[in-house]
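Structures given as structure tokens follow.
Here chain A shows up in two complexes: once beside chain B, once beside chain C.
Up next is the complex of A and B:
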């Protein structure tokens, strides 16, 4: 069977749809950023000609900076709620993936982060009621979370399953305990290696590593940062010595290590605050409830919906006329139609 | 319009809803087609707006797992899109399920037919288990049948992954008649063996043409199991008396399977017995079941296209022109059903057979 030859990971949506090269990642972000700037500029101009020239829009790098800050907030919240590691890692992936389809100028990461985390509790089978969730987060209403849930699910392509590096690390750790010349009781005697590696895996969540490398590559790089010796031991058990894959592996681990090291540096809060302040001035006014552009967009949508309803009513009326009896033949047949709430979405 | 919204609209346009075919508490199922190819599909529309906690767990589970699983014997999720506050799952169109076929008294099953259905069930289940997914609701009406006879495991609304050992899981899963004894005893740490028990029950049902272990309540379910297979001893199932909801049920003697399944071959009974082993760790795995002698002995499994199909399925397979304006087809069909099923039902089925949950819509039914 062909299916059994493909590694499980390679059949996953993560492998198929969420892998990038550093270059393609940069390209996705800059084109999203450029498109958003163009749209928002137009909206400003429509509102008041000439008004967009003074606005300083965010750059792709500034967007990343802001998202990174909210990635670190997920960790804080998960600590507070005592969510399992899987919830945290999944929410982080959701937040990063969301901003490969949307921009910060349309959707502020604060609420996106809250919703991504709430969604992750459900997709990892650790559900909590919305009430219990929002009651424990200051200045947050259930609607702040619910309003974005659909948009986020859509942005993720409804691909909820995520493969994580901390699981891969656990697997490697089990391999090491099972190695032929492993010292007895390695799990206890060398546990500080595992703990250090896990800290590196956690740091990697602040980087783009998971969008470029596989979970097992990230896990192994984290282990190599904690103990090059154990990494060499593990690699030797998996590859024949002199294998060309071994040197390729070394260079991959090197690139990941660089990513993790730079991610581990603390976020410059002042810089982020500056970005956030500017975001207040350049965010898409169509997404700000109450603004002129928001109301205009709303009115346009209402008008379209009204038009559609009228069109539908006209068609229904005509159908009724064509049937001959203006009162309709059989009520039973018609009632079914009213029952059907499909009306709202064709 | 946002790029994400635009992509959604594009997806939505690919599919056309034709007619409502079923409605349940949380979903409406439509027959539909792909606009460009006219390929038939089932569209399961999940009403999300009504849930105060947002997207509900069974919808999330179903989408999460079906997005990842692609196998001939697992229903294919073709697309997902949203419309207002509804979530729409586009699934491959399957016109009947194993329950309909079992109940269609006009059909005769050959041992080769049963072997074919079992092989397809185990193949699909082995794939789920290989992907670390427990189905947790296997029963005949979740095994759907395509027009070419292929069987597909459907309804992943109760599924979960089990890759992390040591996490407590709920024991309130699997429809009662197909629920294994460890869950009835409140076991919170369990394995792929729970699905295997369900497959064992389905295997027996294919031979008996009536549910094998039809208990009337959770308590009665255990009694029904023990009456059929004997009360387990500590040796049969070490440690079961320590399970959270253990209650002594009285002593029932072991009945040889042969007494009930008089026409079955030795291989058949051996595989059935291995699916219904009390000790979950000793129950056969889906992979080992696929290598069981039963599947290599004569008669070989029937070709899926040659398997018995129920009348409703045959009607659905007719070209559209023959159905349009030809109400006769429909009428004969109804007549035939009236003559066969209900009267037969009362004679051969225990009264509890009516307690099956038909309210849940099945794509394509």
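Up next is the complex of A and C:
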């Protein structure tokens, strides 16, 4: 193996920016949750002192639960629209990545899910018109989808390319035909193995597997759940026996398998409903249009913008007085205030 | 009156017809003209677009003969702007100045001009304006300011109006005489300037015409040469075919043509700048040469990634239900954008082996710290990277 060159996968943004250990994943989520809770608590207190003590905020685990429910909703939507598998997998990745940068309490996954799916249709070159999209989803306006689009793209760091496990599984299945002692029509006769493995890959999307392991490992683990013999055969053809990579792969496949198995269990809808009800009470009031805090924040922003404009006008007026000419000097001589934009949202 | 007649007479031009040519006419300047072109009244038109005015209803007011009876009836205009036919003019004025039968003003035979405009008022006005313009030819440069020039122009217009409408003819003529007296030198100078300007215009026009002719000549010569060349080439082929008995005729023709093309090329090369086109081509070639030397070779993005080439061997074909539709598509509609199943396979197999032996992250990574930042409101702020 060429040690000097960067392997393609390790050059990807998926490897660089979206690869976590289980521990770091938990830590990201808990710190995000803690920061959001602190902010929302402050807002409640500012609105009405002492009101926040009664509110029970969501825990990181409850947030994950809610996101998982909406991940499964993506699958349903993709089935309805007959989107290719790639769109579905990409949208799921976007949704999960989004909630590694934001919390459920700020942005409800229902809206984020719709926008993530719409964004995925575009980034995977399966575009659909916004009207056709929203007309087929009840109680959805085009603005609901578009309003969040930039926020999501920004949260994703504009890193839209995703390496998918289902493609890796396809590759493994193709490469299995290349094995020296493979029966000639293995792909045709054992197609149920492939279908079973694909089901496991789909189940893995409900888990955090793609944030921890590489797509090829997830695909191989899915295959191993369908046919351990084929997996062992293929793995042996890729690595020399007794190599440390092979043993590492074995243990990795084991942990992925547990992840997939736990993810395959259906989401407890009642539990999620409970979470959703509580979310109604504890979501960031600044993000709910029409609420007191929302209006307060809006007013605050407006006030700041106004202040800034006034300051700028005062500076301009003063500069004009000093220059003497009420129509200003020639343009080249004027100082340009570069960091003075009116739409900053601090 | 006499004074007034003089200046009108100065411009009077007789048509050079046999009936009008007699001993008296030779003493005045005459301009040659064809029968259809006249230099009537104030209008001088060498281009011949302005013709003498005549209509079928013409009738001589003196002898009452008209076009119907007298096909050759031609009415001329006197200096007092009364029309009469040529025979009447001959009859009345051959023996010297005589009064006009209509207004009794004394006229001479030479004071008759052909008619240009249907309206004799226009005829008169143009004549007067031409005369005035000749006398009053001062320019803006001759005045110290615009105001004076404008005053002068108004004066001139005033005089012109008086002359046209016969308002105070004596006083007006006196004003003209006084002006002429005072500005003889300047008027002469301006006249010369005007003439020089007209001359220069005419010369430029002449120059243009000559150049155009030369170009046309050049073009004609080149075409002729080319034609001759082609002719001689054809003859040459025939001659060679005659001489080369038995050998391949097609070959002979082809060889001859090639030789001729070479000769042609060398001839064009030897005579640089012969035609404007050759020059242009040479220039373009030179420009291309300099551009070629300046342009550094394009280096495409050279990324040096390990693409797991040693981990898989791509087969020429696979049993693959997924891509069956694309492969069975005979018209290639599904492959229209350049889609190749082999590339899709390669990508899949590559992603199957990519990162197989990557250990999952075990502990917190630094990347987590650097790539996440939170602002107080809980919104993510993307790192600069």
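What we mean here is this: the second predicted complex is superposed on the first by the 302 of 346 C-alpha atoms of A that agree within 3 Å, B and C clash if a C-alpha of one lies under 4 Å from a C-alpha of the other, contacts with A are read in each partner's own complex, and residues count from 1 in each chain.
Assume a residue touches a chain if its C-beta (ideal position, glycine included) is under 8 Å from a C-beta of that chain, and two chains touch if they have at least 3 such contacts.
Because the structure is predicted, anything quoted here is derived from the model rather than measured.
Visitor: Using the overlay on chain A, decide if chain B and chain C clash or can fit next to each other.
Guide: Aligned on chain A, chain C clashes with chain B.
Visitor: In the superposed arrangement, does A:102 touch chain B (first), chain C (second), both or neither?
Guide: both
Visitor: Using the superposition on chain A described above, determine whether A:217 touches chain B (first), chain C (second), both, or neither.
Guide: Only chain C; A:217 stays clear of chain B.
Visitor: Considering only touches as defined above, state whether A:10 meets chain B (first), chain C (second), both or neither.
Guide: Touch status of A:10: second partner only.
Visitor: Of chain B and chain C, which one touches more residues of chain A?
Guide: So, of the two partners, C touches more residues of chain A.
Visitor: Is A:252 contacted by the first partner chain B, the second partner chain C, both or neither?
Guide: second
Visitor: Is A:187 contacted by the first partner chain B, the second partner chain C, both or neither?
Guide: After superposing on A, A:187 lies in contact with chain C but is clear of chain B.
Visitor: Mind working out whether A:118 is in touch with chain B, chain C, both or neither, as first, second, both or neither?
Guide: First partner only.
Visitor: Per the contact definition in the header, classify A:159: touching chain B only (first), chain C only (second), both, or neither.
Guide: A:159 sits against chain B, while chain C stays out of touch.
Visitor: Please indicate which partner A:145 is in contact with in the superposed arrangement: first for chain B, second for chain C, both, or neither.
Guide: A:145: touches chain B, not chain C.
Visitor: Answer with first, second, both or neither: which of chain B and chain C does A:20 touch in the superposed model?
Guide: Touch status of A:20: second partner only.
Visitor: From the options 24-32, 204-212, 240-248 or 294-302, pick the one stretch of chain C whose C-alpha atoms clash with chain B.
Guide: 294-302
Visitor: What is the shared patch of chain A, the residues that chain B and chain C both contact?
Guide: Overlap of chain B and chain C footprints on chain A: residues 8, 11, 32, 35, 101-102, 106, 154-155, 157, 167, 346.
Visitor: Contact residues on chain C for chain A in the complex?
Guide: Listed in rising order, the residues of chain C that touch chain A are 303-308, 310-313, 315, 318-322, 345, 347-365, 367-368, 371-372, 374-380, 382.
Visitor: Going by the contact rule set out above, which residues of chain B touch chain A in the complex?
Guide: So the residues of chain B touching chain A come out as 2-5, 7-8, 17, 20, 28, 30, 45, 47-48, 52-55, 57, 60-61, 63-65, 67-68, 70-71, 80, 82-87, 127, 130-131, 160-161, 163-164.
Visitor: Any idea which chain A residues touch chain B in the complex?
Guide: Those in contact with chain B are residues 3-4, 8, 11-13, 32, 35, 86, 101-102, 106, 118-119, 122-123, 125, 127, 129-130, 142, 145-146, 149-151, 153-155, 157-161, 167, 340-342, 344-346.
Visitor: Give the list of chain A residues in touch with chain C in this complex.
Guide: 1-2, 5-11, 15-17, 19-21, 23-24, 27-28, 31-32, 35-36, 39-40, 101-103, 105-106, 154-155, 157, 163-164, 167-172, 174-175, 177-178, 185-188, 191, 212-217, 219-220, 238-239, 245, 248-249, 252, 255, 284, 286, 346
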